[in-house]
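Pasting the structures here.
Across the two complexes that follow, chain A remains constant while its partner is chain B and subsequently chain C.
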Partner chain A sequence: MKSKLWLGVLALVLAAGGTALTALYANGNSNADDVADDQVPAADAAAPDPAAITRGAYVAVQGDCAACHTKPGGNAYAGGYGLQTPFGVIYSTNITPERDTGIGTWTERDFFRAVRHGKRQDGALLYPAMPYNAYVKMNDADLHDLWAYIRSLKPVAQAPTPNTLGFPYNIRLAMLGWNLLYFKNAPYVAEPGQPAQWNRGRYLVDGAGHCGACHTPKDALGGDTSAYLQGAELLGGYAPEITGNPHVGVGSWSIEQVAQYLKVGSNHMAVAAGAMGEAVEHSTQYLNGPDLAAIAVYLESLPGSGAQAPAAISANDPAMLRGAHIYETQCMACHNVQGQGIDGMVTGFADNPGIRALSPSNLISTVLKGGRAAVTEGNVTGAGMPSFAWRLDDADIAAVLTYVRNSWGNAAPAVGSPLVSKARAAVHAEPVLDKQR
Partner chain B sequence: MNRRDALISLVQLTALSVAGSAGASVISARTPMPVGTQPEALPKPPRKGGLAYLAADEAREVAAIYDRLIPQDELGMSASQAGCVEFIDRELAGAFGQAASVYRLGPIVPGTAEQGPQFTQTPAERYRSGLGALAGYCQAHYGKPFSALDGDTQDSLLRAMENGTLHLPAINAAAFFALLLQNVREGYLADPMYGGNRDMVGWKLIGFPGARYDYRPYLDKKGMALNLEPVSLLDGAG
Partner chain C sequence: MANVRPKVDAVIVGLGWCGSLMAEELTRAGLNVVAIERGPWVETATDFPPSVDTDELRWDTRRSLLLPPAIETTTFRNNRSQTALPTRDWSLNELGYNVGGSGTHWAGMAWRFLPFDFESYSYTLKRYGKQQLVDGLIVQDWGVTYEDLEPFYERFEKIAGVSGKAGVLNGQKIEGANIFEGNRKSEFPLPPLATTRLTDLFTEGSRTLGLHPFMVPAGQASQAYTNPLGVRMGPCTYCGYCLYYGCGNFSKSSPNACVVPALMQRSNFTVLTESAVLRANLAEDGKTATGVTYLDRNLQQWEQPADIVIFSAFQMQNVRLMLLSKIGKPYNPQTREGVVGRAYCFQTVSGANLFFEDEQLNQYIGAGALSAQVDDYNGDNFDHTGLGFIGGAGILVVARGARPIGNADAVPPGTPRWGSAWKKAYTHAFQNGTFIFGQGTSYSHVDSYLDLDPEYKDAHGDPLIRVTFDYNENDRRSAIFIENKSVEIGKAMGAKIVNGFDSAAVNYGPYLPASDHTIGGAVMGLDPHTSALNRYQQSWDVHNVFVLGASSFPNNAGYNPTSTIGALSLWTAKAILEQYLAKRGPLVEVPA
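Moving on to the complex of A and B:
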C-alpha cells in the first residue's frame, strides 16, 4: 500500500518534470531559424545582392541596431556601447563581419538564432538587453535582408568590453529561467480580422521596433508585465503610454500627428528628447510614410490603461500659486504664456498627455538636467532646454511641475518635493547654487 | 614724447598683446551643442559666513557710515540690515576690491576733471586707508570712533567729507565719501545673491521687478501699478 503510494508520487513527479522539460524545449526551440544557411561564414566573399542590402539597411533602421551596436563616436556596428541596466552595465558586441572580434565566422543561421532566439554562435544565451523577445517576431525575409546588410559592413577589429554584471546576473544560464518566464517563442501571426495596415503597424511595433522595450513596464526581473505599452519608468526618466488612451496616451493625436512626431521628432505639442530623441534620430525618422502611418494606426487602436483625468488641483492651492510664479519667471519665455510652447521646437504643455503621465519623472529629470530636442533631417533646430538644477530647489521644481500638470486643460497628481530630491541624487544633478556656498 | 616714454609704452603694448592672446581661446562648437550646466557660465555668489576682507572694527565703522546714508525708516530697513556691509566686504575681497578691471600701471600723471577719479590704490586699499584716517580723526577730536558718535555729529562729519571741507591725512576725503555712497547704493540695489538687498528691499522700494525676462502677460495692462514680485537670480539668496 505504502509502496504503491510512493510509486504514484514518483509518477506525478516524472510527469511534472516531463511537462517542464517539454516547456523548456519549446521555449528554446530555434528550428524556425533552420531556413537560414549554415555553411557560409559572414566574412567570406558574398554574392552581391544590392537590392537585399538596401532592404536590409532599412530593416536595421527599423530595429535601431545602431543605437546599441554603434558607440557614439565609435565605428559603425563595432559595439562597445554600455547599456545601463538595473542589474549592471551590459556592453554591446561587435557585429561587423570581422573574424576574431566580430561575427565574421558566423553563418546566417547563427545570426538568425542570435537575433530571434537570443543564442550566441557557441550556444550561450544572450542577455535580453538584446531585444530578441521582440525580434523573434521578425520574418525570414526581413532577417535575410538584414543579414545581407550586416555582411556588407566594413569589418572592424574591436574586442568586446566585458560586462559589469554582479552575481547572479553574470550567469548566462540563468537566462534559461528568464526565457521560460518571459520569452514568447512565437513568430508574428497576422490578426485576420484587422486590415493589412494595422498588421504592418503591429509587426513593426512588436518586432523590429521593439517599442515595448521601453514603453511596457517591467517587473523585478526585467520581464514585460501585462500593461502593454502603457508607460514605464526608465533609469532617470519615463517612457510614456503610447496607446490610444486620450488622457495619457496618444489617442488625442491624429494619425498624422503621431507620424510627424516619429518623422521629425516633434509635432504640434510634443518634442522628442532624451532616449526617444535618440530613437527618432537613429530610427524612426528614416521610416517611410506608409510604415509610420501603420505604426500610428496600430498604436491608436490600443485601448491602453484606461487612465482617466482626475479633478485638477485648484489654482489657489499654495503649491499652484508658487508654481505659477515660477512658471512666469522661469519657463514662460520659451514655453509661452498659456503653455502653448513653440511649434516644432519647444514642448507645449497645454492639454499634452505626456505632461499628465502618472509618473512625473520625465519632467523632473528634464528640469534637473535639461534636454536636447531630436535633430532630424525634417527639423534640424535641436532646441535645447537648460538645466535648472542650480537655480530651483526641490520644492520649487515640485511646485512648478504641479502647476504645469494642472493648468491649461491638464489634470494630474501633484509632484512631491521628496520625489524631486530623490531624482536629484539619482540623475546626479548638481545642488542648488545657493546651497553650494 | 621722449625716448624713455616711447620705450615704456612699447613695453606696455607688448604686455597687453600677450595678455590678450593668453585670454583668447578657440571657439569651436559641435552642433547641436550639449545641454546642461556650464560651470563657468553660472553666477558666482560670494561665500557665506564671516568677513572676507574687512576687520571686525572696520565692518562696524562701515555699518555706522552706511546707516547714516540709508537709515532704517518708513521706507524700509537700513543699509546694514539689508546686508550692505556683507556685500561690500565680499566685493572688496573680490575682483572689484582688487581693481581687476582698472588700469593702474602708470605712468602716473594727474588727470583732468573730465577723466574722472584716478587712483593708484585699489578700492580695498582705499577702504583700509580711508577708514583708518577717519578713525584717527575721530579719536583725535572726540576720543572715540565714528560709530560711537551721536547721529548729528556723524552727519556733520559726513557732510564735511562730501563737500571737501574735512581734510583727512593722506586720503582724498571727498572721493572716499563718494566711494562709500556709491557702494551703499550698490549693496542696497544689487541682486540679493551678492549679499545685500535682503528680501529685495531695494527693488521693492523702487518697483524694480528683478531678473524677469518675459512681460507678455502685462503688455495690455497700461497705466496701473503691476506690483510684480521681484525675482532674484538665485531664489532664496541672502
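Moving on to the complex of A and C:
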C-alpha cells in the first residue's frame, strides 16, 4: 500500500514538473466560491433568515453532515466522530459557530471553500474523508442555505480530536496530488437531453448525497474508479451496486420500492442495516417524496456493470446440501421457509439482488456480527439479527451463504470458507464455540 | 445528600406492560416522563434471539429472566400463628427483572375477564343471596365494569397483536368461539393460532360432554402484524419457547416487541435501567407525593422529582412500595381495618394428569398461549345453587411446547425414577402425557394479607413483604369441583390414565405447583374503607399517586391477568390525561 502511495507522490512530482502546472492551478481553483461573503465571521453575523435555515436543514440532511460531524451521544455538529479509513482514523471537526474550537471565525466564503474545494480557513487541505469531491457539485443556493443553517446551530466548545494517520498520510500537502488525480473541480451541469427529475436525481446522488463515496469502488489511493456506483468493498462490508442492473443492482425494483427503502429503511425484500442503515436513519428518511423518486429514477437509468446471472449452483452440490441443512436449523425461523423474510423486519432472500452481489462480504459480516434494522419514523421496529460467529464455523457459514445465494431465484458464485476465516479475523468476531473451549 | 434529577411531569416505577402503556399514553400527550426500571435493558436480537433462546436449562430451569430471590424476595406463612420465613429459591412468585418486566417472559394468554368478575358481589347477591358467601370471604365490586373497560381491552389487544376469535361480537354469539365472554365491539386484530393434535383432542372430547371449547386468545402473532404504534411483529413459529423466555421472533406480545420501540423514539421519554426505586417521597402534609427516591446501579441514591408518581411494578412490589412510602392505611387483621395489604389473594389450580395409549402429540410444537379451553364452569357461567361457593375456573389444555428437562417426572404413577424403565416410560409419556387444568377464580379472605416483615430485609435494608395466605373454604370447594370436571373431560378425550390433582387440597406453599397469578393488596374500589385506590387506580390518600397492576384486583378471575392490567392501565391513563391534568386532586370524592 505504501509503495503505491509513493508512486502517487511521484506522479505528483512528475506532473508538477511538466506542463501540468496549469492543470494543478485549475484543480485548486476555488473562484466559484467567491460568490460568498468574505467579511463577516459566523459568530458575528446577524441572525440568519428562518426560511433559509429551514431549507439549509434539509440540505444538511441531503448531505448527511450529522453522520460524521455528530459523535454518537455527543453534541450536534461538534465533531469528534472517528472515521475508520484504510490509512488510519480521521476525526470529524466541530462545525458549530463557536469561535475557538468550531468555525465561529469563518466567513461564508471560508465555508464554501471547505465544503466544495476541500480547503480549510487557513488554506490547508482537507482529507477527502470529507467528500468535497462530491459536494463540489452543490449549487450556490443550497450552500448559502446550508451556511444559514450551520450558523443557526448552538455553539459548542469542543476541541477537535487529533487524527491517527501515520506517515506519510499525515502530510496534508500530499492531498494536492490526490486532488490532481481524483478531484474533478467542476460544478454540476444539467444533462440537457434528460428530464428535470433525472437531473435532480443525479444532482442529489453525485452532490450532497455523495452515494459514490461508498458505492463506487476505490483504487489503492482511495480515489474513485470508473465503475461508477457498481458496488464497493468497505471495511467489514460491501456497498452493493445501485445502478439499474437487474441482477445485482436495483433494476428489478420499482421506483416506489427504491424510494420506500430509502424512506423507511426497508421494502418488500430488503432491510437496511449497518452503514446504509445509518444513512437511512440520519439522511434519506427525511428526504421528500419527489427527491426520493428523482434519486430512484436516476439510479435505475444507469446501465451499470452489466453483471449477468451465472448458472445457479446445483442443489445437490455438497456445499448446497450442507447449507440447506444449516438454513433450516439456523435461519428459517426468521427468514422463512422459502427465503421470504418478513416485511419491514427480516431480509427476504428470494430473488434479492443484494444477496447475489459479486462480493459476499456483507453477508459474511452480518452472519458474523449480526445487525440491526434502521429505525425510522416510518418503521420504529428496529428488528435485529444475532451474531452466529459463536455458533457456526467458517465452513458452515460459507455453505449456508452459498445456499441462499443459489436458491429461490438467486444465482451467484459460491462463498469459500477461507474468505469467512479472513473476515472473522478482520471484523474481530468471536471464534466458534468449539474453538473457545 | 441525595443527587436530584430534573423534575418531570411523571415518574413511572417499573417498565413492564403497565408502565410502558402508561408511558406511551403520557408521552404521546406531550408529558415528560422518566421510567425507572430495576432490571437491565434487554434486546431481542442480542439477548434472546432464536439462536440462543432454545435453552431450557438457562431460561426455564434457571429462570434467567426473573428477579433473583437473593435481590428481593418475600417471606411467607400460612397464618398469623406461624413465623414467616423467606422464600429463597425460585417459587410461584415470578417477578420480572428487565425492561419489559414480566411481560417479557409471560406465556401470552390474553384474556378479558368476564363482566361477572368486576361485579362479583352485586351479581352474587342478586342471583343467590348473601348466604352463598363463605365466612370471612372478601367479595366487593371493583368500581369499574366490563363495559367501562371494553374499549381499553380492545386497544390493548391491538397494541399487543392478540390472536383469537370473537365469541360474542356486538351481541351475536358465535359458535366455536367463547360464547361466555363479555360482548366485544370488534374482532381480534389477528386470527387464532393454528390448532394442534392436543387441542383438537380437547375440543372433540369436551364437545361430547356438551361443553363449548374454543382456542384461547393468544399474545402470539398468528401472522405478520403492524400495531397502532407502528411497531411490527413477526409471525409465530410455534417453537414453544414462550413462558420464561423472551421471544426471539418478535412474535410474542410484550412491552419489548410492542411498545418500547415506539417509546424510545420519543425525546420526552427517558428510561433509567438497573435502578431500584426505594419509595415515593411525600410532601409535608402527606397529601401529595413529590417524586421518588431510587438507587442507581452503583448504589448511588437519587431523587427523581415528579408531579405524578406511577407505581407499575409487580403486584407485591406495588404493595411494598405503598407500605414503605406510607401511602394509605396498612391493613390490621385483628381489627380488620386498613386497606394496604388487605384483600390479597391468589389462584386455585386443579385438574387432571392424562396419559394416552398411542398418540403422537408432538408437543415440541407449541406456543405459550396455544391452548383450548372451556368456560362452561368459569365465573358465574353455571348455576351455583347448593354448591357452597362462587366462581369456578376456565379449564384448558396447553400446547405450550415440550420441556425435555421440566417434564422428566411427568410419567405415570408407579414409574421408577431412573434407569431403563424410566427412560422407556418417559419416551412414551413425551408423546402421550399431558394435563388439563382449571385456573380458578379466587377471592380473598380476612385472614389473607400482605404486610412488611418484622425481621427479614432486602439487600438495601428495607423490610421484605410478608405473605400470610392459605386457601379459603371457597377456594377449596371450587377447586374440587373443577378437578372433577377436568377428570370428566380427560376421560372424554380418551386418555388411558386420568389422575385428578388439586393444589388447594393442601396448605398453600410457594414451591407447590399452582399458577403465578398473585393479586390484590392495594385494590381499587368504591369505598376508601375497603380499597386503597379509587376506580381510576388513584390512591384515595395521595392523589398524585396511581398504582397499576394486579395489585388493584379485589378478586381473581378464572383467567390470566395480563390483558386486564393492560386495559386498566389505559383506562387510568385516559383519566389522568382527560381529568387529572385539569384538576389535580382526587378524581372521586371521598364518600361522606
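The rule is short, and it goes like this: the second predicted complex is superposed on the first by the 416 of 437 C-alpha atoms of A that agree within 3 Å, B and C clash if a C-alpha of one lies under 4 Å from a C-alpha of the other, contacts with A are read in each partner's own complex, and residues count from 1 in each chain.
In this section, contacts are C-beta pairs under 8 Å (C-beta built on N, C-alpha and C of every residue); 3 or more make two chains touch, one makes a residue touch a chain.
As the structure is a prediction and not an experimental result, all values here were calculated from the model.
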item	value
Touching partner for A:393 - first (chain B), second (chain C), both, neither	first
Touched partner set for A:180, first chain B, second chain C, both or neither	neither
Contacts of A:382 with chain B and chain C, given as first, second, both or neither	both
Partner chain(s) touched by A:227 [first = chain B, second = chain C, both, neither]	neither
Chain B versus chain C as contact partner of A:433, first or second or both or neither	first
Contacts of A:372 with chain B and chain C, given as first, second, both or neither	both
Chain B versus chain C as contact partner of A:255, first or second or both or neither	neither
Partner chain in contact with A:346 - chain B first, chain C second, else both or neither	second
Which superposed partner A:333 touches (first chain B, second chain C, both, neither)	both
On chain A, positions contacted by chain B and by chain C	333, 370, 372, 375, 382, 384-387, 391
Sites on chain A touched by chain C in the complex	330, 333-334, 342-346, 370, 372, 375, 377-388, 391
Complex contacts: residues of chain B adjacent to chain A	31-37, 42-43, 45-48, 193, 211-214, 216-217, 229, 231, 234-237
Chain B partner contacts - residues on chain A that touch it in the complex	325, 328-329, 332-333, 337, 369-372, 375, 382, 384-387, 389-393, 396, 430, 432-434, 437
Of chain C, residues touching chain A in the complex	43-46, 49-52, 224, 226, 229-232, 234-235, 237, 239, 248-250, 261-262, 264-265
